[in-house]
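Below is one structure, written out as structure tokens; the observations come after it.
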Amino acid sequence: MLDTALWISLTLIVMAMAMNVYRLAVGPDVPDRLLALDTLYVNSIALIVLLGLWLNTKTYFEAAILIAMLGFVGTMAICRYLLRGDIIE
Amino acid sequence: MSQHLLALPIVLPMAAALVLLLLSNRTSERHQRQLSVAFTALLLLINLALLSRASGGELAFYALGNWQAPYGIILMLDRLSALMLTITAVLAVGCVIFACAGDDQRGAYFHGVFQLQLMGLNGAFLTGDIFNLFVFFEILLLASYALLMHGGGKARVGAGLHYVILNLAGSALFLISLGILYGATGTLNMADMARRVADMPNDQAALVTAGGLLLIVVFSLKAALLPLYFWLPRTYAAAPAPVAALFAIMTKVGLYAILRVQTLIFADSPAEEPIDAWLWWSGLATLVLGAVGVLAARDLRILIAYLVLISVGTLLAGTALQSPAANTALLYYLPHTTLICGALFLVAELIGQQRAKAGTRLVRARRLYQRFLLGGLFLVGAVAVAGLPPLAGALGKLMLMQAVEDSARLWLWPLLLLAGLCALIALSRAGSVLFWASYKGEVAAGRVSGAQLAGVLWLLASAPLLVIFGGPMSEYTQATARQLAQPQVVIAELLGDAPTARATRFQAIQGDAP
Amino acid sequence: MEALFSLVVGVLTACGIYLLLRGRTFPVIIGLSLLSYAVNLFLFSSGGLRTNSAPVIGASISPTDPLPHALVLTAIVIGFAMTAFVVILAVRARSELGSDHVDGQQGEEGDTR
Amino acid sequence: MTFYVITEGIIAFLLVAGGLFAFTGSLGMLKLKDFFMRLHGPTKGTTLGIGCVLIASMLYFTVTQREFHVQELLITLFLFITAPVTGHMLAKTGLHMHLRFYTGTRGSLPEFRDEDVGQSRVARPARAHHPWRTKAKRSRLKRREIV
Amino acid sequence: MTRLKRYLPTPVLSLVLLVVWLLMVRSLAFGHILLGSFLAVTIPLLTQGFWEPLPRVKHPIKLARFVLVVLWDIIVANLQVSRLILSPSREAHPGFIEYPLALKDRLAITLLANTITMTPGTVSTNIRLDSSSLLIHALDMDDEQALIREIQERYERPLKEIFEC
Amino acid sequence: MSLLWIPLLTIAGIVVPVMTSRHGRRTCVNATLVAPLLALALALSQAPAVLAGDVVSLQIPWMPLLGLDLALRIDGLTLLFALLILGIGSLILYYAGHYLSADEDDGRFLAYMMLFMTAMLGIAMADNLILLWLFWELTSISSFLLIGFWGHRSDARRGARMALAVTGAGGLALLAGFLLIGQAAGTFALGEVLAAGDVVRASEHYTLIVALVLFGAFTKSAQFPFHFWLPHAMAAPTPVSAFLHSATMVKAGVFLMARLNPALGDTALWSLCLTLAGLATMLYAAWFALLERDLKGILAFSTVSHLGLITLLLGLGSPLALAAAAFHILNHAIFKAALFMSVGIIDHEAGTRDIDRLGALWSMMPLTGTLTLLAGAAMAGIPPFNGFLSKEMLLDQSLQTGLLGALSGIIPLLVVLAATLSVAYSLRLIWSLFFAAPKLTREEKAQPPLKVHDPARGMLAPGLFLAVMSLLVGLFPMTLADPLVSAASLAIQGASTPELNLALWHGLNLPLLMSAIAVAGGVVVLRQQRRFAAVATLFPARDASRIFEAAVVRVIKAALWLTLRLENGSLQRYQALLILCALAMVGIGLMKLDTLTGAAGLQSLDAMLVLGAALAIFGAIGSALSHRWRLVSILMLSVVGLMVSLAFVRFSAPDLALTQLSVEVVTMILMILALFFLPQRPPLLVSGRRILRDLILAVAMGLVIAMLNYALLTRETLSIADYFLRESVPGGGGSNVVNVILVDFRGFDTFGEITVLTLAGLATFKLLNRLKLFMPAGNVEGIRWSQQRHPMILAVVSQILLPLALLVSVYIFLRGHNQPGGGFIAGLITATALLLQYMARGHDWTRARLPVSYPVIAVSGLAVALATGVGSWLFGYPFLTASFGHFHLPLIGDFELASAMLFDLGVFLAVVGATLMILVNLGRVTTIHRPSLEER
């Protein structure tokens, strides 16, 4: 049961990521792409966690933490760029 | 301390850099200069000590972190690396003294970065690990970028951009070739790699060939070989004088690396033949185009940069000859050409600073203030670099020409001679414009300061000294060449396959890891 | 899988080099980054590609070759340092040369040079 | 035994639910008509989805390795702190950049101030149109929607 | 007291940090508690400068209730949004509204804005410079005033009570 | 040993004038004369032995490897030359002391002269071909300096450059020739080479050797067609001309031919070359000497002509001809030096050297006239002067040669013709200068006539001495010249020499008749000179020097063109070349590969991999396509970065994933920071062809790399990895092998790596110094930037995140040794967290709360790492040896401390410092007052 659930979940996440990429490619505007990228980051957290479940290891867990933290910073940086141009004033 | 002598050429400049950087805002510039010169001089002493150690013919190894080869990184001292270290230190002393006349204050952190540059150079010459070589290449490159930009300005930035980007692409290729080599041989230690390359199935050997050739391309970029040298003239001409002088050794790092991997790793591999062909033809072509460039140069600095190219072409074509005799010759020629090109860059700076607006451009301008002094310096440098007697350039070239045995390779002769002629013509034109063709009236500004003169003289002195001590020097280089021709000795001494290990191992402290 | 991995490396390299050959500093920087990704993957793969065998003693039964990891780590850091430098150099070049063309020209006629 | 079955069921449920939430979040991003609407999916759906997956992982490792594995809470914490900020900043950016929005947008549209939207320095490109610049047009659109 | 305040300026934060540390290291060993406590004291001290004066939480119980409400709302919100996204027939009726802010404290406003973003069909888009009002984009809105009222009732009032401002 | 003193003395003599010049002209000259005179005495002290036919030599090994020894010899030829060099040299030095005007830099001049003298002496004395060559080139250099002594005059510069180029080229050819000789003879020692003449002549490169050596000799000796530099070299001060261009340097070529005669001579090729070149030079130069108006030009051409004569003699090759050559070398040196001196006097006194402006000087300067008359007569070959003797011998020998077979008869005719011309120009010189009236144009006539008089005695004496010598040698040849000439000719021939019979009167014979014809013809020619001049104008002179200069200019232009073509300053081209080279080289390797797929098995695919690969490819292509839309390009790039990190996760490299992720974000921030200062959307300016080229290159390279990667992946290698896995815990004290490698096994790499990072920080600091930047007021679509500087929510949340991030950072740092993590990643996390503060609250705000200097942090990080490394020395271990131990403390329990941790701390600090140094400095640049509604 768990395997099936894992598989379903993985498939859904993978599909979600594919859709993110579609949005990333199509846009139409920069914020859309940025949103897509951010979501891609968040989804990849799920991917890593699921991979950890699949492989039964927590070795890669910190990568997820970092994505959560750093993805945010990256998104903020681009938002600031779009808003102010200059991200460190 | 003496057993750590081998690590000192890396540790000392690093420590010096840290001291200088930490003190950069706290002490007067005078103290900094004194410190910097003192550190550099100390480095010279250390390197000389290493030279004397190596000249006996012993191979010395230093296992960093006490991890033995092939697992850990080792430093390896043979005659070649000792020679290179000494040249670097000698050049550095001249440059740093020269810089103390005021060039160092044109931007921040000059002395610190300068020491780091030395650390990079020394590390590249000492390391016996190919990935570590990459790391040191990056150190010396980044330091060179920083030094190149010292003082800023349009020309430097424009030229620097090319230099940096090309070298970054080169670094990427370097890593790819490292990937190939590690993937194919499973080791990073050069001696170990050599051992594994020697008995390798055909299948892997092809990969090693690809990796080795790529490596040579990367080194050729640093050494400025034919299709890859175009960045050099502008960059060297734009660099601040002491930095340009120090850069004279930068192309030789590429040469050193080529020589090292060619003689150690790929000595009898399938890669040897294409490497030779490449070095030979592009070396010759570089020689020719360097000569053409020398003729075409309309600025003294550019001219000198092309002279560097000529020497690169000469040296690499010599490398391709693959004979101990040729290596002897080029190793004799190498210190001379490095130091003299460095000195010439410094002289050019002195000339430029007395010609006000005209700078080093080869046009009529106001008369130099100290024209006999500068003329004399220039003359010595020019005679040396053009390969005219009585200075060492002539002897080096001569030895190289003598080393050509294969009549198919006699091409080197006319090209070498013609390049010398071109250099002669160009330098005589330059000299006559700079020192003779001047308007009346003198520029009093830009007097040569004591430090500048000392720096130049220090470097120029090498030319006669290399002639006077030509005998011992050529014996040393011959011994070096012989050592290079026997990579199996290095392998045996380092990895301990042969019972006749004569090496003094610095890691005499054996036993378990602490 | 090996083919797919190589394909990715190849595509990254190709895109990186294509960008590297552009005439403006910015794409060149992007190209260098792409190239360094490719290079890192390449170097990384020289130790083999294995799943769930992290080179942590105790975490996996048959750990993979850790050496390329260390090498790539060093390469990443050095790459970062270099990228940082070249990015700032690009900014500097624009301010000094008045253009972001790698040759410092305005380039109205284009990159045909 | 039943404990394990139940936990397994919970984990499986959470996994599927997480996947579904993440999926719908992204689907929303794909499907919805304007940027501001698309923003809703990821900020809420995906965040919750990941939260579910994390909890599933937490449970799984706690149960299988018989010790507390609650580090996932840290990620959840991070996500729940950052996701709304991301959403807010993105929306702000979208507003600032005059992104088009769906013509069916209803409600009494607030008066955008200069601080909300970026001022045009030059004529904007034709591609993006901004309904709030011309009041007449906006009210016309709205009327049509309401009728 | 003053000394304690000096070395432990933000006890809540320190506590959070200690808990997070123990979460991360997955151990309750004394050494880790010690190390965690050390970090929990030093990190706030180091980052003290970055903290603006924070309002004190006056009613922790209300805070807890508020959190639970919000969590529940998040789930509900997600279900709603999912239904909206997944059902092909339904037309969404998005809209912008301007929500007048009664809160004055920065942290409280932030919390409100974040809550709004996370909960049913609304995303806060902009806080006016003078903190007088909040721009909200709603994904599916029937009645503007009802929404404003709901937010006021459900989130802003508890927050006000929690921080007593 | 005394041999060594001869050159050493002259070398010492170089510095004498420089040091004494401030004590006045006279002292300086006298002091300078000491060295050459002493050297002369030393040389003469060897004379008895040499004249007896011995060779005095000295060998000191110098560079045995090169075959270069400090080998000196004195034989007859050397002695002859040493006398010329030192004897005439001393006279000229003395003369120069009077010649130079008061304000000239006599010290420098005399030093150059001494330098030249040394070089010339070296050529004469060298007993080693390479040594000889060294001195040979030194003469070129010193003559360059001497000719260019009056460098402010453009003719001097041109002359000097030309002389240097021509003789330098010759020298280089000569070097090649010498090397070939050395290869053929197996040695460079002159004595052995001369003895091994047969071997050399039999060598396969003999023709080449002769060509190269003769090229060298002819250029030096100004033989046709390389003669053209000599007249231009007359721009030099006259003492230089007297010394270099009459007595010595130009003789070097002749000397060389004479010297190598035993080794190379005695073949048809040798003789023919020499004879023809000698004849041609003799005639050609004599003809021009007749037409020349410049006094020194006349002498220059006459010198060329006489050198041709000597060459001809050497070419004729018979023992007597060789002896005659030696004799004429001596004679010519004597009378030509005297003539130059007299011309110098006239130039000095009259201020002009135009033969047409001068005339009827006899009354005004009788002593000079006498001098010129004597020397001129010798040059014309009129008895009883020495010139007559050697010319007589030439005529005699020319009659006896059979070199050209049936055509041999032409040689005497030509020789007579040349002799005629020689007489003519000699007489012209004397006649027009001293007896005829000046041929002045109308304007010149208007000027006051020249007032000249004999110069001071010191100036006149050397010339007179030489002139008298030429008479004396002519009168008493057997006493004065015979021993020397015999010894010299012995050296030239290498074998026994015939008994010479030098005398004025050999009886009435054909040579005498020819001489008479020549003298008579000379008189006739002189009288008909105007006609000759008219004839000459019919043949527009293609001045070889002009051709040479034009050639040089053309070569330089071509070089410039080529250089500009090749090095066009386009980075794109350089890059393309680099890629092309790499492509070619890797291609060569791949060609040798039999099959692409190796022996190791392939692994299967799954959806995650496909997705990851697709995303990475998408990102890469996307960023390539959108490179003009720069922000989007960055977004695409970070997709690639994310995928690469995920790949690291998937392929068991947690540390790499962490590192990649953190670096990724920092890089992205950096690029966005920079983007602000770069054009956001540049115009499209690329031609289709360029794109196609780049595409082809890129795709080819990508393909090759992919193939290589595939080939590598499908092959297995035994690597050294096992050692690390085995030793990590027992030897390195950590279970995270990657980290142990980083801080211990290969800590040195990491050491270098943080150095690079710190350097990057310092370098960017340097770059950002005094930077002026253009800042756009709005985004690419023309929307002004937002007025809210620091959005409230971001500010509040980032302040919450900071302690959390720091906590995570500490966690990652501490676990690094045993679990994925470590100082580097921790450093980047800390840096990122701080960066978030900078972004949320601005530079000034953050700066005020974080009053630290990032360079100092970075550098102290390096210092910590270095100290850790050096610390192991205290325990007697090599640099960077790590140590670790398990400790137990009550209450706390077991814990592990490792020195690697300290090293890692250094890494941490360096990373934090360097990263923030780079980013914050760039950010700070923009901190200027920008419009904002927000307070603070």
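For clarity, chains are labelled A, B, C, D, E and F in written order, and residue numbers in each chain start from 1.
Keep this in mind: a residue touches a chain if its C-beta (ideal position, glycine included) is under 8 Å from a C-beta of that chain, and two chains touch if they have at least 3 such contacts.
Please read all numbers here as calculations on a predicted model, not as lab measurements.
Undergrad: Quickly list, by label, the chains bordering both chain C and chain E.
TA: Of all the chains present, those in contact with both chain C and chain E are F.
Undergrad: Name, by label, each chain that touches both members of the pair chain A and chain F.
TA: Intersection of chain A and chain F contact lists gives C, D.
Undergrad: Taking each chain's centre as the mean of its C-alpha atoms, which one ends up farthest from the centre of chain D?
TA: So the chain farthest away from chain D turns out to be F.
Undergrad: Decide which interface, A-D or B-F, involves more C-beta pairs in contact, and give its chain pair.
TA: B-F
Undergrad: Could you state the distance in Å from the CA-based centre of chain E to that of chain F?
TA: 75
Undergrad: Averaging only over C-alpha atoms, locate the centres of chain D and chain F and give their separation in whole Å.
TA: That pair's centroid distance is 70 Å.
Undergrad: At what distance in angstrom does the C-alpha mean of chain E lie from that of chain B?
TA: Chain B and chain E have C-alpha centres separated by 62 Å.
Undergrad: What is the distance, in whole Å, between the centres of chain A and chain C, each centre taken as the mean of its C-alpha atoms?
TA: Chain A and chain C have C-alpha centres separated by 21 Å.
Undergrad: Mark out which residues of chain F touch at least two other chains, giving numbers and ranges.
TA: 569, 571, 575, 579, 634, 650, 654, 673, 675, 705, 708, 712, 719-721, 724, 745-746, 749, 752-753, 756, 759-760, 763, 767, 778-779, 785-788, 791, 793-794, 797, 801, 804, 808, 819-820, 919, 922, 933
Undergrad: Note the residues in chain E that touch 2 or more other chains, in rising order.
TA: 20, 24, 113-114, 129
Undergrad: Using the touch definition from the top, which residues of chain C touch two or more other chains?
TA: 16, 20, 25, 38, 40, 42, 45-47, 51-52, 54, 56, 59-60, 67, 71, 74, 78-79, 81-82, 85, 89-90, 92, 102-103
Undergrad: Let me make sure I understand the interfaces: which chain pairs count as touching?
TA: A-C, A-D, A-F, B-C, B-F, C-F, D-E, D-F, E-F
Undergrad: In the complex of these two chains, what residues of chain F are touching chain D?
TA: 777-779, 781-788, 791, 793-794, 797, 800-801, 804, 808, 933
Undergrad: Give every residue of chain A touching chain F within the complex, in rising order.
TA: 10-11, 14, 17-18, 21, 24-25, 27, 30, 33-34, 37, 40-41, 44, 47-48, 51, 59-60, 62-63, 65-67, 69-74, 76-78, 80-89
Undergrad: Given the complex with chain E, which residues does chain D contribute to the contact?
TA: Residues 20-21, 24, 27-28, 31-34, 36-37, 39-41, 43-45, 47-48, 67-71, 73-74, 77, 80-81, 83-85, 87-88, 91-92, 94-95, 101-102, 104-111, 113, 115-116 of chain D touch chain E in their complex.
Undergrad: Where on chain D does chain A make contact in their complex?
TA: So the residues of chain D touching chain A come out as 8-9, 11-13, 15-16, 18-20, 22-23, 25-27, 29-30, 35, 38-39, 42, 46-47, 49-50, 53-54, 56-57, 60-61, 64, 69, 71-72, 74-75, 78-79, 82-83, 85-86, 89-90, 92-94, 96-97, 99, 128.
Undergrad: Can you tell me which positions in chain F touch chain A when the two form their complex?
TA: Residues 607-608, 611, 614-615, 618, 622, 631-632, 634-636, 638-639, 642, 645-646, 649-650, 654, 657-658, 661-662, 664-665, 668-669, 672-673, 675-676, 775-776, 778-779, 785-786, 788-791, 794, 798, 801, 805, 808, 812, 819-821, 825, 829, 832-833, 835-836, 838-840, 842-843, 919-920, 922-924, 926-927, 930 of chain F touch chain A in their complex.
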